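Below you'll find the structure, written out as C-alpha cells, and then a few comments.
Per-chain numbering from 1; labels A, B and C assigned in written order.
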Amino acid sequence: MAWFAVGVIVLAGLSVVGVATYYAVRPGSPSGPLTITDDLGRQVTVPLDPARVVVLGPSVMDSMYRLGLRSHVVGVDCYAPDLGGLSSDYSSDQVALWNLSSSMCVQTGPTFDVEELLALGPQLVLAATIVSVAAVEQITQTYHIPVVMLQPATLTGVVLDDQLLGEIFEVPAVSLSLTNALQLALSQAASFQDNLTANGTPFPTVLVTYSADGNGYWTFGPGTFGQSLVELASGASISANATLSYPELPGEQVLASDPQYVVYGTGFGINETTYAAGPFWSQLTAPQDGRAFGMDSNYFTEPDPTMILVGLPQLIAIIHPGVSA
Amino acid sequence: MIGPRDPVLRFRAVTVRFGERTALQDVNLDVPRGQFVALTGPNGSGKTTLLRAALGFLAPDTGSVELFGSEVRSLSVAERARRVAWVPQEESPREDVPLLDYVLYGRYAHLGWLEGERARDREAAVRALKAVGLEDRAGDGILSVSGGEKQRAVLARALAQEAPLILLDEPTSHLDIAHQLDLLSRVRELSGERGVTVVAALHDLNLAARFSDRIVVLSRGRRVADGVPSDVLSEELLARVWGVVADLRRDPRTGAPYLLPHHLVRPSPSGPGTFLGKGPVHVVGGGGSGAPFLRALSEAGYRVTTGALHLLDSDLETAESLGALTAVEVPFAPIGDEVRERLRVLLEAATAIVVAPFPVGPSNLPNLEEVRRMLGQVPILLVRRPPGEEWDFAGGRARALEEELRQGGARSVAGVTEMLATLAAEPVAASSQ
Amino acid sequence: MGAVAPAPTGKPLGRRPWVLGLLLAVLAVGVFFSPILGTVTISPDTVLRILLHQVSGGALFSEPCAGSSVPASGCAGLIEIVWDARLSEIMLAVVVGAGLGISGGTLQGVFRNPLADPFLLGISSGGTLGAAVVVVFRIGVAEQNLLLPLFAFVGAIGTGAVILVAARSRFGSVETLLLTGVALSSFLSAILSLLLLYSPTGSLQVDFWLLGNLGSLDWTQDGIAFGVVLIAGTLLATYGRELNLLQLGPDVAQSLGVDSRKVRIRLLLLASITTAAAVAFTGIIGFVGLVSPHVVRRVAGSDYRLVLPGAALVGAGFLLAARDLSLVAFPGTLLPIGIFTSFAGAPFFAYLLFRRRQFSTMGAP
C-alpha cells in the first residue's frame, strides 16, 4: 500500500517536471512588427513606437530624453524605496532635468520587483542596469513584455544604440541629428589626437578617480568606459596597465606616478574633500598646482550621449588647456 | 539452514589484522545451539574483535565466520539482524525515546519497507520488557532511567529482535553488583529455557563461571582455553594468561569455581644485599594477630612459616592460603609435645622470627618459651603491643617471657612497616637451610 | 555534541501525529491569504476575486477588477500580478521552504547533530559558484533564465558528490564529512571571490543570489522545483525509521538491520538534490533548514517519521511567513528573503544554544 502511494507521488513529481521543462524550452513565440538585435545579441520582437516604456538605467534615460521621448517613459529603475529610492540611482540634477518622480519607481535593487513593473503596464522595457539577466529573460517569456538590453561595450556602441532607438520609436530625424552630433564629437576627438601624435606631443599623464579612502584612490582600469574616455581625450591614464577593471591604486603608487592632471568624480555625496583626505594628496603636484579638477562621476560611468557630448569635451579641455579641439 | 545439532556460530581459522597488529590469530570456535558461552581474556585479547566479526562488522583477513551455516558477510544486513542480536557495552542515545519505542527498534528487521508496527511487534516488545522487568517503565524516556535499567532496556531490545543468537559485550561493566547478578541471571534463563544461544564477553571470571556453560579464553588473539568452567579455570591459567596469582575455591552454594586474586605475578626478588634469600621468616601469632604480618611478608617475597596455632584459628586460614608450613594443635588443647617438636623444627629453619601481638594464655604459652630458646641464634622481632590492652592471660608469665626476650636482644617494632624495614636492613644471613 | 532533548523528566514528549495535520491546515490558510500582500497595493477582495476567477478558468467573476482602482496596466495587469507574480512566488516559497526543511531534518539525523543545516556540506558554495560562472562568463545570454539554475544545480550537486565520495571511503566518519564540507566551502568561496574581482557587475548579481530571493516570475521554474523537491522529499520521508535507528549510532543501527553506510549515502544524496533544487532557483536562503526540524521536535516529538514531513511543512510555513512579514514591515519594498530568514532564524538559533547548555545532560558526544 505504501509502495503504491510513494509510486504515485514520484510519478506525479516526474510529470510535473516533464511538463514544466517542456514549457521552458518552448516559450511562447512573441509577435510584433519589428525584430531587432540588442547589445547582448538577443533577437527581440518589439512594438513600434510604444507609448508606455520602462527604462532601467540612467544611461538609457539620457538617450530617451535627448531623442525627445521622455513622454513615453512611465517607469525608471530605483533602489528599494525604503532604502534610498530614486536618489540612489539618479543624481538630483538628473531627477530635476528628466522630471522623474518616485511614483515611476520600479525596484531593481536589492531585489527585482516584478509587481511594480507589471502595475505600470509597459509595452517595452529598455534595460542598461540589470540585476539579473535571468530575471529579465523571464519578463519576456512569462509576461510577454519585450526587453531590449542596451549595454554598449564601446562608445561607438552608444551611437548604435541611439540609432536603434530611433528605429523603434520611429523618430529617424531626431535620431539622425543626435547620432550625427555624437559621431562628430568622436571624430573631432580622434583627429585632435592624430594632430598631437603627428606633432610628437606626449599625452599628459592623468589620474581619473571616482573615490578615495585611507589606502588609495579608486580608478578605472582597462576595459572600462572611464579608461576609454581618457584614451579618447588623448590622455595617458596611470591605471592603463592595471589588472582589474576598477582597481584601487595605493597612495604610494599614485605618488610615484605623480600624474600631471587629477580628475576626480563628484556626485552622490562625494566631493573634493573626499579626495583631499586621500593618502599623499598634499604631496601630489597636480592638486598643488591647480591641476586637479572635479567632473560629474556619471560622465565616466554611464555610457550615454552625455558622456560623449559633455564629458568628453570637458575632459579634453581640462587636460589640454589652451588648445582648441 | 542448519540442523539442530549444527553449530550456530562457527569460526574457522579466522585471522583479523588491523595494520600491523593481529587482533585474532587462527581462531576456531563452534558454538552449539542453546549454549551460554562466556568469552573472556585480558584487555586487548580480541574479545571485542571476535564479537564484531560474528556480527559482520568486519571481514576476516583469512578464514570464515559462519552464522547459522551462512557466511556472515554474505548475508544482508537485515538478515544478519534476524539471526543475531547485539547488546553493546555502552550506548549513548541522543533523544529521550520512550522505553517501549526503544525496544520496538529491535523489530526493524522484521518489518517491510514502510510497514508500520503490527500488533505482534508490539507484543514482542512488551514481552521483552517483561522479561527484563521493565514493563512498568514502558513510557519513561531512555535518558531518565538509571544505568542498570538502561542496560536492561538494551537487552530487551535485543530480545525483541527474536534472534536465536545474542552477543553481549561486557554487559555488566557499568552495573552495580545487584544489577550484574540480575542481568546475568535473566540471560541465563533465556539460554536455558528458551534455547537462545548466548555468547557474552565478560571480564569477571567468577560471574562467568557461575552463569555460563562454557568458558572460552582468549589471549593475544588466540584461543588458549575452552571448556566447562571447572575445567578451564585454574590458578595456573590465571597466572599464565592474566599474570595474577590467585586461589581457586569452590562456591559451596553453586558448585562453581571462583578465584580469589591476591597479587600480580612478580619475579621472585633475589640478589645480594637482601636479607631474603635462603630461609623463611617464622611468625608467631594467633587469633588473627599474625595475619597482617604473614601477608606482608609474603607480598614482600619472603617465604613464611607460622605456629603453633590451634585448628580453628583464623591465622591458620591465612597461613594455608599463603601456603605456609604450620605447626597445628587441636583446638583448646595446650600445645603438646609433638606440636612443640614441630614448632622447634620450624623455628630452627627460620632465618628470622616475628612475634605478633597475640593474646597469650596457658595453652599457647609454649610458643614464647620456644622462641626464647632461639635467642641469639636468629634475629627476633617483637611487635609492640597496643597499650592498655590486656593480653597476658597466663598469670604474668607471658609478660616476663617477652621482657626476657627484650633483654636478650629482641628488637621492638611498631608494626608491619617497621618489621619489613628492620628485616631489610639485616645483613645477609649465612647459609641456613 | 550533547543531547538535543529538553530536560528529561519521567515522561518524554510522545509522538503527536495529529500536529502534522494542524501544520498543513495552517500552511493552507497561509497560502490562501498571502496573495493579498505585495509591493503594489491591491485590495483584498479584488485579490480574492482574481484568485477565484483564475482557478475557475474564468467562470467566476468575469470582471474581477470591478470596483477597485485599476492601474495603468488594466485588469490584465492586476491578474498578472496576483496570479503569475505573487502566486508563483508563494508556491516557490512553499516548495523551497519544504525542501530546505526536510533536508535540514535529514542532515541533523545523519550527522546526529542538532546544528546541522542543508548548507553544511558546502552545497551553497558550490551552487553559488555555478551561478557565478554563468554570470561572469556571460554564458548563453538568451537562455540564461534556464542556464543559471542549471549551473547552480550542477555546482551544488557536484559539491555534494565530492562529499559523498568522502563518505564512501574508509574515512567516512561523520567528523570527516563535516570537515570535508567546511574545507570545500572555504575553497569554493575563495574561487568565487577571485572570479568576482574581475567582474564587478557580476559581483552585483552574485550578491543578489547570495541573499536569496523568491521572485521566480515563472511557473516553469516553480514546476521543476516542485517536481524535484516532491520526488526527492518523498523519498527522504520514507527513511524516517532508519533515521530513528541511526540515532543510536551506526554500529547499533547496523546490528538492528540498517545498512548504515548505504543508508547514510542515500540520504546525503537525496538531501543534496533537494537542497540543490531549492537553491538553484532562489539563491541561498539560510536558517530554514536549521530551524524547522527543531520546531517540529518541540511540538510533535522526535520520531523522524514525523520530523521529516513536519520539517517540510514548517519550512514551507516559515519561508512563506518570512515573505509576508517582510512585506508587512517594509511595504512597497521587496527585500531579499534570505535577510529575513536570518533575522528571524539567528535569535531562534541563539535560543536553541541557550536551551542546550541549560539542559544538556548526557554530554557524551
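Just so it is clear, a contact is a pair of C-beta atoms (placed from the backbone, for glycine too) under 8 Å apart; a residue touches a chain by one contact, two chains touch by 3 or more.
Quick caveat, the model's predicted, so the values are computed rather than measured.
Participant: So which chain is the furthest away from subunit B, centre to centre on CA atoms?
Facilitator: A
Participant: Which chains, taken as a pair, are joined by the highest number of C-beta contacts?
Facilitator: Chains A-C share more contact pairs than any other pair.
Participant: Quick one: most central chain, C-alpha centroids?
Facilitator: Of all chains shown, the one whose C-alpha centroid lies nearest the global centroid is C.
Participant: Just curious, how far off is subunit B from subunit A if you go by their C-alpha centres, in Å?
Facilitator: 88
Participant: Between subunit A and subunit C, what distance separates the C-alpha centroids? Give it in angstrom.
Facilitator: 35
Participant: What whole-number Å value describes the gap between the mean CA coordinates of subunit B and subunit C?
Facilitator: 59
Participant: Pull out every residue in subunit B that's touching 2 or more other chains.
Facilitator: Each of 113-114 in subunit B touches at least two other chains.
Participant: Residues of subunit A touching 2+ other chains?
Facilitator: 2, 6
Participant: Where does subunit C touch two or more other chains at once, residue-wise?
Facilitator: Within subunit C, the residues that touch at least two other chains are 238.
Participant: Contact residues on subunit B for subunit C in the complex?
Facilitator: 55, 57, 76-78, 80-82, 84-86, 88, 91-98, 101, 105-106, 108-109, 111, 113-114, 139-141, 143-144, 157, 161
Participant: Note which residues of subunit C are touching subunit B in the complex, please.
Facilitator: 3-6, 8-14, 112, 238, 241, 244-245, 247-249, 251-252, 254-259, 302-303, 361-362, 364
Participant: Can you tell me which positions in subunit A touch subunit C when the two form their complex?
Facilitator: Touching subunit C: residues 2, 6, 9-10, 12-21, 23-25, 40-43, 52, 74, 80-83, 107, 109-116, 118-121, 131-135, 137-139, 141-143, 244-246 of subunit A.
Participant: If we count contacts the way the header does, which residues on subunit C are in touch with subunit A in the complex?
Facilitator: Residues in contact with subunit A: 38-40, 71-74, 77-78, 80-81, 84-86, 135, 138, 141-149, 197-200, 204-205, 208-209, 211, 213, 215-224, 226-228, 230-231, 234-235, 238, 330, 332-336.
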